[in-house]
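What follows is a single structure, written as structure tokens, with notes after it.
Naming follows writing order (A, B, C, D, E and F), and every chain is counted from residue 1.
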Amino acid sequence: MTVNEEQTTISVALEDLVREVEGLHAGGYRLVQIGCTDIGGAYEVNYSFDKDYQFKNLRLTVGPETEVPSVSGIYWGAFVYENEMHDLFGIPVTGINIDFKGTFIKTAEKYPFSVTRLGGDRCRNA
Amino acid sequence: MGIFQMTKTVLRNLAGGPVTRQYPAVPARTCPLTRGHVTIDPATCRSCGLCSRRCPCEAIRIEKEEKVWEIDRMRCIACGDCVEGCPFGSLTMEQEYLPPVVEHVVERHTITYVKPEKPEKKPKEESAGESA
Amino acid sequence: MQTLLFLILFPILVACLLLFVKRTTLRYAVVALSALVIGGASIYLLMQYALEGAVYFAAPSEAASLAMVAIEMGLALFIVYMGAKFKNYLAIVLAVVQAALVVYLETTFSGNLHAVNNLFIDQFSIIMALIIGIIGSLIAVYAVRYMETYHRHHPEVRDRQTMFFFVTFAFLAAMFGLVFSNNLMWVFFFWEITTITSFLLIGYSETEEATKNAFLALVMNLLGGVAFVVALIFLAATEPVSGGIDLARVLASGDAAIILIPAALIGFAGITKAALMPFSSWLLGAMVAPTPVSALLHSSTMVKAGVYILVRFSPVFAGTFTGFSIGLVGGVTFVVASAIAISQSNAKLVLAYSTIANLGLIAACAGVGNYMLVWAAILLIVFHAVAKSLLFLGTGAIEHRVGSRDIEDMEGLIVRMPKMAVMMFIGIAGMFLAPFGMLISKWAAIEAFVQVPFGLVFIAILAYGSAVTVFFWAKWMGKLVAVTRETERVEKGFFEEPWAPLYIITGLVIATVLLFPVISSTLIEPYVLAIYGVTARLAQANVGIMLLMIALLLILPVSFLLFRRSAKHLPAYMGGRPATPDLHFAGSLGLTREVQTRNYYLTEYFGEAKLFLPGAVVCTILILASWVLAGVAL
Amino acid sequence: MNWLIGAVLFLILAPVAGGLIAGIDRKITARMQGRVGPPLLQPFYDVGKLFEKENVVVTTAQNFYVLVYLIFIALSGALFFAGGDLLLIVFAFTLAHVFLVLGAYAVHSPYSHIGAERELIQLMAYEPMVILAAVGLYMVTNSFYVADIAATTVPAILYLPGVFLGFATILTIKLRKSPFDISTSHHAHQEIVKGITTEFSGSTLAQVEIAHWYENVFLLGFVYLFFSWNPVIGVVAVAITYAAEIFIDNVTARVRWQAALKSGWLAAGILGLGNLAILSYMMLGGA
Amino acid sequence: MSTMAFLKRSPWILHYDASSCNGCDIEVLACLTPLYDVERFGIINTGNPKHADILLITGGINELNKAVVRNLYEQMPEPKVVVAIGACAATGGIFRECYNITGGVDKVIPVDVYVPGCAARPEQIIDGVVTALGILEEKRMKMSGAAQTKEETRHAVGEST
Amino acid sequence: MPERIVVPFGPQHPVLPEPIHVDLVLEDEKVVEAIPSIGYIHRGLEQLVQKREYTEYVYVAERICGICSFMHALCYSQGVEQIMGIEVPDRAKYLRTIWSECSRLHSHLLWLGLFADGMGFENLFMRSWQLRESVLDVLEDTTGGRVIQGTCKVGGVRRDIGQEKLDEMHHTLDPFEQQCRDLGDVFLNDETVKYRLQGLGVIGKDEAYALGAVGPTARGSGVPVDIRETGYAAYGDLGFKPVVETAGDCYARCAVRVKEVYASIDLIRRAIDGMPEGPLDVKVKGTPDGEYFSRVEQPRGEVIHYLRGDGTKHLARARIRTPTLANIPMLVKMLPGAQLADVPVVVLSIDPCISCTER
């Protein structure tokens, strides 16, 4: 192995997400990234955290069109990732502190990574 | 401390004269490894197409029937992958950089390789291990 | 003398007449006609006495003086009534004190209250009369239509236009009286009249703010009035040496030390009237009044009474520390008010601060009082009156048209109201640019201050003061000339007639610049020469150069014709963002934003909150110092 | 007719001299940065090029303001070399600059606007010191006329070292050199693009450039006045002053406008006024 | 009017990074620095389209950049030349197939010179600019010719009206 | 309400080498609101992973950014190696370290130059870039490319540095370090530079940590996060301590980078000294199946390549989180309150690499 690093991944349900993230925040973790992967008809959203080089991952699996609550209330800087999630994957994220309304990354075709190519414009931040 | 920290450098520059490389009066600096541009020896190319397949930006195109080897210089990123991958050593990486052009044209080479009597195909298969 | 009396009495007649005129058109006719008469009379005055030097007239004294005292008492009662009505007890106290002092003066020194000549005229008075007669009456003409529109825009304000025009013309009469009087008692009487008129006109709209500001102005001016009476008492008491209440004799008095104290007190009165620091707040508050009032009372004429008296007394101040500190009050006011003007975006407040600043500068010149400075001071009075009235009237016209007196809302005026913009441009240029008037005076002042001991202080004040002046005027000008796109023209269709006064005053601004060598040589220089025995004048070559500059400025706009043809128009640079002509762009967060170009106000550094208090404190100290120094000199 | 010769010579020669100075400036700057730098005549090529370009405007009015700017800069420079009244010249200069600023306002573009505001701040920063310098020269030579000041036998610099230093400080502003090149800069990279000249292009920009040459020659003429009792020393001092400005340009970062204003005013207040106060004290004492 | 070609001696450049990977981008900047010092040729990086003669574009055109590049090109006064630097600017290069890349610069504005390379070296960029100078001069000649005829027609029209 | 100026800042702007756009709302010159928007360099190259074979994708990874080119290739290669369980030879690890640090040197010097340029200090810009050229010469001599090295690959490296060249590099390091220190002195001690940088864009340690800042931006605020401490490549052998400053202002961020230049020179020196003999690469067989979050410390901070293979020769997903993306929240927090003149300085102080950010 090139690198010796423990990486733990914990699956988390949508309704538990905010609580879990709060727990990590309280535990002194920093938000490393939020990233999505298309796993065929659904999205896998990875919330990665780090504390003293301990890499921890919360894994959320959501279907298309499912609204995901924003964690930007806990980690202020999360808005970049969440806007990106919306703009590239079309996942509707609700309650982002700085909402670019789909203009964070403007693409020629909308939601290029979306499984449905529908996107979540209509259900965002009602 | 001080307001004129840069003085030393300024004086040194004034005394030492400019460091400018007088390009184009002096040719560009190159070194043996410099990746300038790819050339083909049409006499040794066996049209295997490996270079074309490896090329990450599809700059190379081969037409086996017409014996044509084409390279779009405006796509080529001079990574040298084709050179490394060529089993026959037909491709070489030259150090010279290409001059600018006013028109975008694709460079064509006619392959002049003539098949010898005894074809050796083994080594090619070996190096192209990932073909699947 | 008939002309003088006519100029004092005719406006009163008109004023009374206007009390009974209710229709705007008729009022317009009356006002325009009397303006013509008053203006004509003041020009006739010029032709009559310009070459004469000082001429004194023994006008009827007894009856007039008695009437004046009676009116003064009446006014005091009026103030007491108003003070009681609006619960402003300070005003009552001051009015009572003043009345008591007048009574004391009348009863104790009645024998000493006779001037040899009650009226007089000299070149300085002519200048003042021209300002009052021409500019004042033009403003009155402008006011007729303005007030009509004003009431249309402010239906909540009670229509008291008859009172308004009565007071306006009474004021003109008082101003004429003030500059023609050789009897200081008379001067004081007219002085008080202007105070009252100002009080009435500031409070015109009867809002809470207007009333408050009116009383502020009243209190501060009464304060000066009290000082004036004290000075009169002092003069009367020392009549054999000081010359009593005869202005000419006072100024010619042999014992400079004696008259220094009354001079300092009258100087103080001048400071309050000219709204120098720390009394500048009343003038700022006065900006709630309708714009013609601001133009007439609070920039071109009434406040000039304050500096008029200072300039009159400047031979007394010359070379004394008292004068120096009064001059410093002006100097500090100049620099501080100019600096605060940077932080203002309300056009009228900018004009008010600039007025205060310029009055300060005039006071500085008068206080130091050497012959060149007096020359410069009178020149400043002339140029300031012309340019500032234009600016005020222009602001009023713009406000009615654009709906705002904020400088930022005047953006692109050159597109929306081109004629108005050009007039404003000329007015502003008159305030600070090179070949125009104010700058000539500043320049002369610098040359003069170099030769005065400790003049360096004033040079520093001028150097910094004119620097900040350039800043706030130029940025205003910049707003006017910004060529905004896709804005509609709003010049036409509004009231037609008031343009006439604006055109005339614009013409006057240019005329004074072109003719200032003539004004200087026929009016100012003889006056200075008569007082000091020497006079200042600009070098012939420099005059030529300035005329050349003016000529260039008049000719160069022709070059517009050259450019109109060949140029290709492109939108403004917006960082590569596709720009619409009205400067909208797609901003972050999916919003469409519009480029906003706003002037800098540097409130953090030049704000009122930051500068007013220190300026006021310094000026208060300097005023107190001027009294102490006058006392010491005695 | 001496004055006429001075003025005409200025009008003709100043652009040449100014362009050459700019060329030398760029060359020396390049050398200080270890580069070869442009040819000596590069400023002339640039201006020539600009005249060859298409005339592009945002609003036609901008050309008018810039033309007035150029004419008044040239006029006030000519007045200077004609030996005119220094104060009048200073005011004429202000007038010229106000027109440049108005040109920038007229185009109504964001960067131009900010450039204009900053130019006014600069104007506000250097104006007091310029006036004090004129007054200082008057105190030494008893005349505001350039002709008299230039003809003096008094070594003004000995009486006015503070004023000279103060003037050198604001000279940095006037020459648009770092650290005070806040409204527009010779260097390409600035947060307000090209500031006041952002929207000027082609021949209009060329006019701004020529005006700048005129101005530089005038400013160096002003510097010369401090040394005018000895022409040789004067010319050398002017050269050294300019070289020092180039040096300063190369060893400092650009400051914010606050510092520019503060520097200008402090230079005037401490160096200028301090010097003049001492001088007037000496003169009072002497008299 | 003038027959002197100052344009060739004083080409001012405007550089815009249209979704380049920074490779060519920093090489353009490197040209300004002591080792290459393009100011030798009178080149100044103006950063302002209104002042520029040569537009250097690195990188392929993406969705957002289209309008920007077009705007910059429009804002430059004639005569002007566009130099596409690097493989991406010429054709989109390795990113050609990306969903957000439209292709080379010539998809949006006319390109006069293509500089190959990934990343193009400073020397190549200098060569590119030098090539551009020739084209710039041609355009200037054409322009002054056109201007003259335009002027003549205008005079003719002016007289008739 | 005070008067507000609204200015579009960018995408094309002379102080911004890369297109980023900020809507600036100013009061006088004080920034009261600044919202950046990006997307001018978004190419969508993450999706290319489905079109390029996993060994070829390294060329794309290199071109995520021309400044951190080598680090991206390294991060990608390490990720694939991790998924496939490949152990890279030691010499390759050391070579990777040397090139990484050379890249860091050239990136930091480049940044210092741009930063100086942002402050209007032209000469300092020239000097920084002049020094950077000597790093580029070394890179070209050893890899064949000035800015895009093309030398890292899955399984090792493509080229070796001969002993002769290593010795030569070692010799030139001392004078080079001296030159860098002279340069660093100007950045750290010059009064005008200090005036521009100190107290500007201050973010405290806790806030920086909470905002998820990485790299020198975080270390300037006293957050000692540096992925090199995890010991990838040869960092584990060489021993490594991150450079940390505590002031949290632009000056501190600048100081971190200046000191990292010195640290990088030292690391290169030690890597040359400890260079082991051995092969350059191992043969890569099979296809990646699995996932990994590969982390590498770029000049700008921690970069993450999340790679996921599904057993084909194309990866299923490559998600690249670049340091600048993580630092944008810092930027948004830093801008309000600064002066307009400081905007480029503040923006540059996070060392934005937009082409990384937007991929």
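Operating definition for what follows: a residue touches a chain if its C-beta (ideal position, glycine included) is under 8 Å from a C-beta of that chain, and two chains touch if they have at least 3 such contacts.
Keep in mind the model is a prediction, meaning the values are calculated, not measured.
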| remark: Common contacts of subunit C and subunit D, by label, are E, F
| note | Ranking chains by how close their C-alpha centroid sits to the total C-alpha centroid puts first chain D
| said: Report the chain whose CA-based centre is farthest from the CA-based centre of subunit C. | reply: B
| query | So which one's got more C-beta contacts, B-F or A-E? | reply | B-F
| field | Identity of the chain that, by mean CA position, is farthest from subunit D | value | A
| query | What whole-number Å value describes the gap between the mean CA coordinates of subunit A and subunit F? | reply | 24
| task | Could you give the separation in Å between the centres of subunit C and subunit F, each centre being the mean of its C-alpha atoms? | result | 65
| Between subunit A and subunit D, what is the separation of their C-alpha centroids in Å? | 58
| Approximate Å spacing (C-alpha centroids) for the pair subunit E, subunit F | 30
| query | Which subunit D residues sit where two or more other chains touch them? | reply | 30, 32-37, 54-56, 110-111, 113, 188-189, 193, 198-199, 250-252, 258
| request: Could you tell me which residues belong to subunit F and also touch two or more other chains? | output: 5-8, 11-15, 19, 29, 35, 37, 39, 42, 44, 47, 59-60, 63, 121, 123-124, 126-127, 130, 145, 148, 190, 192-193, 358
| For subunit C, what residues touch not just one other chain but two or more? | 568, 570-571, 573-577, 588-589, 595, 597, 599-600
| said: Show me, using the given definition of touch, all chain pairs that touch one another. | reply: A-C, A-E, A-F, B-D, B-E, B-F, C-D, C-E, C-F, D-E, D-F, E-F
| task | Over in the complex, which subunit C residues touch subunit D? Could you list them? | result | 411-412, 414, 433-435, 439, 443, 446-447, 450, 453-454, 456, 459-460, 462-464, 466-468, 470-471, 474-475, 477-479, 481-485, 539, 541-542, 545-546, 548-549, 552-553, 556-557, 559-560, 562-564, 566-575, 583, 595, 597, 599-600, 605
| task | Over in the complex, which subunit D residues touch subunit C? Could you list them? | result | 54-61, 63-65, 67-68, 71-72, 75, 79, 84-85, 87-88, 91-92, 94-95, 98, 101-102, 104-113, 116-117, 120-121, 123-125, 127-129, 131-132, 135, 138-139, 144, 193, 198-199, 258, 265, 268-269, 273, 276-277, 280, 284
| remark: Listed in rising order, subunit B residues that touch subunit E in their complex are 18-21, 23-24, 28, 37, 56-58, 72-79, 97-104
| task | Going by the contact rule at the top, pick out the subunit A residues touching subunit C in the complex. | result | 98-103
| message | Quick check on the complex: what are the subunit E residues that touch subunit B? | response | 34-37, 40, 83, 87, 90-91, 93-94, 96, 104, 106, 112-118, 121-124, 126-128, 130-131, 135
